[in-house]
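Take a look at these structures.
You will see subunit A twice below: alongside subunit B first, and alongside subunit C after that.
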Partner chain A sequence: MKRCALLLLAAASCLYGVVALASTRPHYGGTLRLAVREAPISLYPADPSQSDSPVMRSLYRLIFDTLVILDARGLPQPGLAVSWQADPGNQRWQFAIRHGVSFQDGIAVSPDAVAGSLRAANPNWKIFAAGEGIVIECDAPTANLPAILALPRYGIAKRTGGKLIGSGPFAVKQWDPGKKLSLAAREDYWAGRAFVDAIEIEMGKTFRDQILEFDLGKADVVEVAPDQARRLAAEGRGIRSSAAAEWMGLVFRDDLRPDLSRDEAPDGQSTVEKLRTALAFSIDRDSMNNVLLQGGGEPAGALLPNWMTGYAFLFPTAADMQRAQLTRGEVPQAPAWSLSYDVSDPLARVIAERVVLNARDAGLRLQAVSSATADVSLLRVPLASLDAEVALTNLAAKLGLPQPKFDGDPPAALYAAENALLQSQRIIPLLYLRPAVAVRANVRDWTEDQVGEWDLQTVWMETEKP
Partner chain B sequence: MPKATQPAVYNSRNLGMVMPFSSRRFRSLWMIAILLPAAFSFGQNWSGPAEQLAGKIVAVMGTQAITVEVSNRSSLAAASADEIRRGLLTQLAVHGARFASAQQAAASVQVSLSENLQSYVWVAEVRQGTNAPAVVMVSFPRAASVAVEPAGFAMVLHKVELWSQPERILDVAALEGSPAKMLVLDASGVIAYRLQDGRWQAEQPLPIAHSRPWPRDLRGRLVLAKDLSAKDRRFDAYLPGVFCRSTSPEAMTCYDGDQAWPIGNDLAGLNASFTASRNYFSGVLSPGVGKQTTVPPFYSAAGLLRDQPPGDKYAVWLFAAVEGQLHLLNGSTDQVVTDAAWGSDIAALHSGCGSGWQVLATGAGDAANDAVRAFELPGRTPVAMSAPLDIGGRVTAMWAESSGAGVVTIMHNSRTGEYEALRLTATCGR
Partner chain C sequence: MSFGRKLMLVFALTVFLSVGAVTWIVSSVTRRAFERASEDETAALIAQFRHEFSRRGDEVVRRVETVAGSDAATRMALAVSRGSTDYSSFVNEAKALAENQQLDFLEVVDQHGTILSSAQWPAKFGYKDSSLPAGTAPKVAFLRQEELPEGAALSLAAIRPVEIGERPLLIIGGRRLDKDFLESLELPAGMRAMLYRNLARGFSPEMLVTASDVPQSLSQLAPLIEQVQQQRQDASALLHWSANPADDESMHAIPLNGPDKQLLGILLVGNTRRPYVELRNRIRSAALLAGAAGIVLAILFSGWAASRVTRPVDQLAAAAREVAAGNWNTRVVVSSNDELGALAESFNRMTAELLQQREQLVRTERVAAWRELARRLAHELKNPLFPLQLTVENLVRARQHSAEQFDEVFRESSSTLLAEIANLKAIISRFSEFSRMPQPQFQPVEVNELVQNVARLLRGQLRSPELSSIECRMELSENLGPVAGDPELLHRALSNLALNAMDAMPQGGLLTLRTGGKGDRVIVEVADTGTGLTAEECDRLFTPYYTSKTQGTGLGLAIVQSVISDHGGRISVRSRPGQGTTFVIELPRNLDKLEKSEFPPESVAISGSSARDQVDKE
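So, the complex of A and B:
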């Protein structure tokens, strides 16, 4: 009996040993070294020519504050603005600006400076300083303006002495456009000094170069291609993948071919729509994800992923080759479509090749090309925000779709808007990709949000113990 | 999110106003918490959403004979999903729906219990004939989950949930008496809550003024003044570079200063200087442990009374140093404790079990959920006295109560995003 009890105790000890892990308080100091693919030539967050990737958004947040920030659930929280209020109609908004905040040159962040920065970021809005805050008059009712202002492109920036500065937690120490960015922690940052002393970012590095630098100990954190994450983790590297946060899919050119669109079928679908339907049914997303992506994503049937909306499962993702062939058979003659993709992206190439193969099995002819004016384009678009409406609006704009309209309360209004975009048959969702990074063991409290943005303010470096 | 149908308003907490109670949530009554060493559950009421969804379904398909299937795509437990299914069927019947077999039904309803970042989302697909399904849905905020507590070890640690709120809690303190009161310290100030008719009512907030930005990983401690009745009980609040003293139950004065923080309890007291711009103590002690007045910079400390030989009581102190080591000071020597895979947070507990005093410590890892375990130090190697107690989040603070009988522990619940204050106690025996 006693032996039995001891065995139970030992077993229970092992069980609880699993949870007997806990944290060490953050340490101050150290330099965090990153390597990234992005090679921006400007640090101006509202520069429309710059990438809107999670990496760039993460870097902007180090230098520039926004009026509002979104918490982990996508809810607006105070940033440079301590409070806000909309007039009835949600077209005119007032934001009270936080006191005691300074730009990196020590000059206080004033309502005038905030208004000037936002005017440059969005000329369509009328923005002016008013007392201790600012007023924004939008060109249309904008109920989710706080969430929009949380986008890094609305980071508050100021030019001084030919340099671009912000009020963020880090100051630019060295900037070699497209190559290297060195940042130093600000002691006087209003939300508390960051834990690391400095961040150094090597830019324009391929995935291959990055993992090489990681293995050589020259970088602490590097990006990892979604399809490589599983293999690199199996080799013992510390891999962190975020939620499915990058949409990948096919986008048809807006202008239908006249010779095809004229031929209306009895069921109301044009031949073009039938062919697009056949293509959508032919695609084997599970195989793409499991084989080509090595589980580095999720099959997509919608624009926004289920973790963001809760209803994406309503849009099917399973292939139905029989239905694809039947639908294709209703159209006597199908043209050959050209399919373009980013030739510099190896993942896009293999996905495009698989789309061509799936289409061929359904009796459709697709030809992968590098032309920008193809009939169909394979695109990758990162989700821009944790706010579902902002994310859908941004995604629609990037894909050249009409701007969604949200009438009513979420999630029904969101569903109606997204469903309308999908019913347009301009797009065929393929996959959601999971951004991933390799993180060295001495980098602690590395966190990224659901859309893949890094929180570099809370990272700290563990030093070797004596 | 604000919608066009109503003016969208957000105002951050105004320190001059009473906090709206709805933004904070108490988990269990303090006095009940002290008396009952068991965690309280806080279930969610599903009847409202079930009624709402049933109404929408019936509005689409009328009172025809239907089949209903419910699938769970969310983090809800199977038991909750089953409860929801029963509730939904009841509400459908109340709204006039009739249930039939698949062969006899005029419509089928597929209900999916799903969720997104903020809410539960229940979706019903109503299929009638060969038409495309009609889709209706309801959503409502997600509630916190209930933690499971381990039991069955020689010395058992218990946790009782005291308070939770979205803002980071630095410390809480109880004021026994009638009515009972609770003080909650966070970055913006101290709020007193008074227990009235079984509910905590917020009193006037006492804001903390500070000239410098708070450091990250902000820490703070509340210390109650001794020998005062609950009615006019006063307190001190210690934060990095700021010291506050309540001059009356309704007023508090703060000023910049590096007052040493009390880091022990009534039985083993010690003061230590806190580094104003960081998250650790500088290592300067007052009055000191015996002759020892400095240690390496540290995050937390625990003072243990020893009675060896019997009648010769003295205190030894453990310090969880910033450099990762654990230092044991006995008044004359500074020894490094070996084989202690502890985290940064430790606190003393006067349980009466074993030697009478234990150290509660987090472990040294990087998990989302911390565990706390009780140890004794007969020599330089810690001996575990309890099983690890899963805290349910990452510990951000541990402070010994002035009586020594409990340890107030603050943790960040990554599932809910809220900060929760717990009281840890121990019971002896298996």
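So, the complex of A and C:
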């Protein structure tokens, strides 16, 4: 009897295991519904007017392939290009194009099409087809060209009949610019069909609308503001946060005020630089992150986060009000600075207001304004790439800083370049923000890399139990 | 200026002044009434504001009490009482609570005034609230200055404690006093309310909150605002927003104090003066219209009244002129019992008296004339009678002489008697002739031709050696036109004057015959350059039997005056001793008398030969 019972128990366990295995095994089918804030009016990845947010980059990757893709460590891996080789000097590169890849209209991706698409994305490069591959001749030595080509804006696109198509895992089924994008999985995708049959993306939704749609079951995945992630998670929603992948900080206008810049102090710092130093010391990043951001980020003292460089901890983030007041005291009269921020961004608003309060404690006069032309701007810039050099270069460009120069081997060259940018005192890093999403329980294998890009090709939909 | 015009002017002025006075009075009354109404409306609006302020205050108190009693507030109070300073768990609470209770401002502060959570300024956690009232928190709502990132704002706030544990919290909530609050006030037409947030020294246009259009020149509000800031009491002013008086606005400012008596706001109640100005303009327009109509009516009425009043006066004037012209029988019709009627009666009595006096004078003069005539006649007759008496006595005495002597005496006496008797006959003839002056037979007479005929007659005499040193000159006016007159009598009169003039120039001289026109009269002047006359002689010149000459009866000029007077004219004399004499005859044309005459309209001139007679040159 006891043996029979044990046998029955073993059989039941095996049956449960089979059922459980079947429910956790990826399977095809289903429609993934997303709601995002972005409202692009074009799907062209090289359009400079479009946002460079992780969401947009993720969407581009659904439609357009790049020659190279970066793995989780930021290392280049074959994409449309199966191999590449640089000539000495890293200025001329040859990429071999993968065979058997076709655009969504069924036409094969040829080296000519690839060359034409890349030429449109970067007119400064000389690009031409050569045999089974293409040749890219850069205007300067570019050692990290494969990482650059992994950026979504170098996705291979083709216009056919007025439509923009790519060779990505999904084909555009419906496109209502700025409102809705419907994608269908391609059966003939060279890297294998995606699990979900379709992806529907509602665009232009605020965080509030997104979470409402999520709660109403109208969306499977929605964006979550970094400062709301903890609360929403506490309320039982499935919150997924990436690594700190968005830089937030203050950027000073490039044109210094002549009357102040001429007043050079004995220590070599001008009055403007002293005031900026005082402002940097006055900012309480921990309070910002813990209270205002609700832990949705981490204090930033550098441009690139520590997970990317490993040395970011060397740049201080703690506030030092005493030094701030001392430094401020060295300048008899401080001008009133205006601080601009994105008025449509509530998080930017409270951060700006906190900066104003901290500055006031240091004796600095800072006035938050909505005007675009201010003395100081509070900016949020997402990290564009898992490659540190590409990310820093892109970040510097977005902040209006000089392009960094990487002389030597990493990570020393990277540190030197980043430190040079910080020493220019044009910027005051505040925070790294962690992009977050709310994911419904039936969305399985949701993954995102450290810069917040979603890997929607591996997502599969579990049939919800009634 | 005629009486009619004067009367019209007086009427017009009276109407104008009356309309002006009425307009001024009506305008003044209207302005006072408008100001009273404006004051009443302002008071009502202020009362409404205070009522709304109180009502909203009660509502704010109720909402803040709800927040203070909420689970979230309780959780925060418990956490604080346990010593938690984790602002991250509080930071969003105030905003959520404020949204639930529809409060614009909400802060949770600890007992030290440190902000735990702020709805209006979430980033301000950990900072002190500088606007907390000193001392015990008011039980009712109060005006509070809210610190905001973009500046400051006014709120209607309330404070309620959360008494849990040893560290109570304070909930400070409020509603913004802004445009919405002002819009909630039910303003009468033409009124508006503005709120000045007294959050800076002096006047700052940015501090003004309006529910309607922002005034164009806000600087006009500055003196009023500054007055309230200094005096801390109500003030009023009339603001001129533009050159158009209709844009003027009466502005009343009321200070709004906080719990610590600090001036936090100023309520501005504006009342447009447009209705008053438009009403005033309408009154003025009506006054102008009434004035114009009144002036027209005044003209018409004054014309009617003047004609009514002046008609008797004109009749009196015409009667006076008639009397002046010698028609003393003129009477004025008395048609009223007023002053003019009395005047007319007085005039009639006066003319009657004058008639009586004239008749009496005539009688007196007639008696005097008869006496004078008798005296003259006696004198004239006595002269020839005395030789007659002597001659007859001499003849009687001659009877005693011889026949030859008698005959001789008789012859001489006879001739003497005949001569004297002839003299007596001549004297009697002249007197008889004077007494038989004929009435003029009117017919058209060309005076220039008459004068020329007289001159022609005189020229014959002037050729004589005794008178050759006299020059006769004529100055005749052209287009003189005819007069109605008796040509023979006029010829005789002119001839008499001319002969007298010649007699006045024994040493020779210039005789001037001059004609001219003066209105409806014809002027004839006979001037000499003789010895001239004294004033006394001039006065007595036309008296019958008065003569300045050694010979003559003194009846010549009397006859001339009689002739001229019978023609309705008059004769005057200008003379000064040594400077000659000028007789001036003014003859009325009297053409209306020709209609009754049998003579044709063509004029007639009498030649010297056809004259009925010659006037004596005596």
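Methods note: the second predicted complex is superposed on the first by the 440 of 466 C-alpha atoms of A that agree within 3 Å, B and C clash if a C-alpha of one lies under 4 Å from a C-alpha of the other, contacts with A are read in each partner's own complex, and residues count from 1 in each chain.
The criterion applied here is as follows: contacts are C-beta pairs under 8 Å (C-beta built on N, C-alpha and C of every residue); 3 or more make two chains touch, one makes a residue touch a chain.
As the structure is a prediction and not an experimental result, all values here were calculated from the model.
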Room on subunit A for both subunit B and subunit C (clash or fit): fit
Which of subunit B and subunit C A:Thr31 touches, first, second, both or neither: neither
Partner chain in contact with A:Phe195 - subunit B first, subunit C second, else both or neither: first
Partner chain(s) touched by A:Gln457 [first = subunit B, second = subunit C, both, neither]: first
Partner chain(s) touched by A:Pro410 [first = subunit B, second = subunit C, both, neither]: first
First, second, both or neither for A:Gln269, with subunit B first and subunit C second: neither
Subunit B versus subunit C - smallest C-alpha distance in the overlay, whole Å: 26
Complex interface listing, subunit B residues touching subunit A: 1-5, 7-12, 14, 73, 112, 114-121, 123, 125, 135-137, 139, 150, 152-153, 213-218, 277-280, 299, 322-325, 343-345, 362-367, 369-373, 387-388, 390-391, 394-395, 417
Subunit A-touching residues of subunit C, taken from the complex the two chains share: 87-88, 91-92, 121-127, 149-150
Residues of subunit A defined as touching subunit B within the complex: 9, 12-13, 16-17, 19-28, 71-76, 78, 82-90, 100, 141, 143-147, 187-195, 306-311, 313-314, 386-389, 408-412, 415, 444-445, 450, 457-458, 465-466
Contact set on subunit A toward subunit C in their complex: 231, 287, 290-292, 294-295, 350-354, 356-357, 368
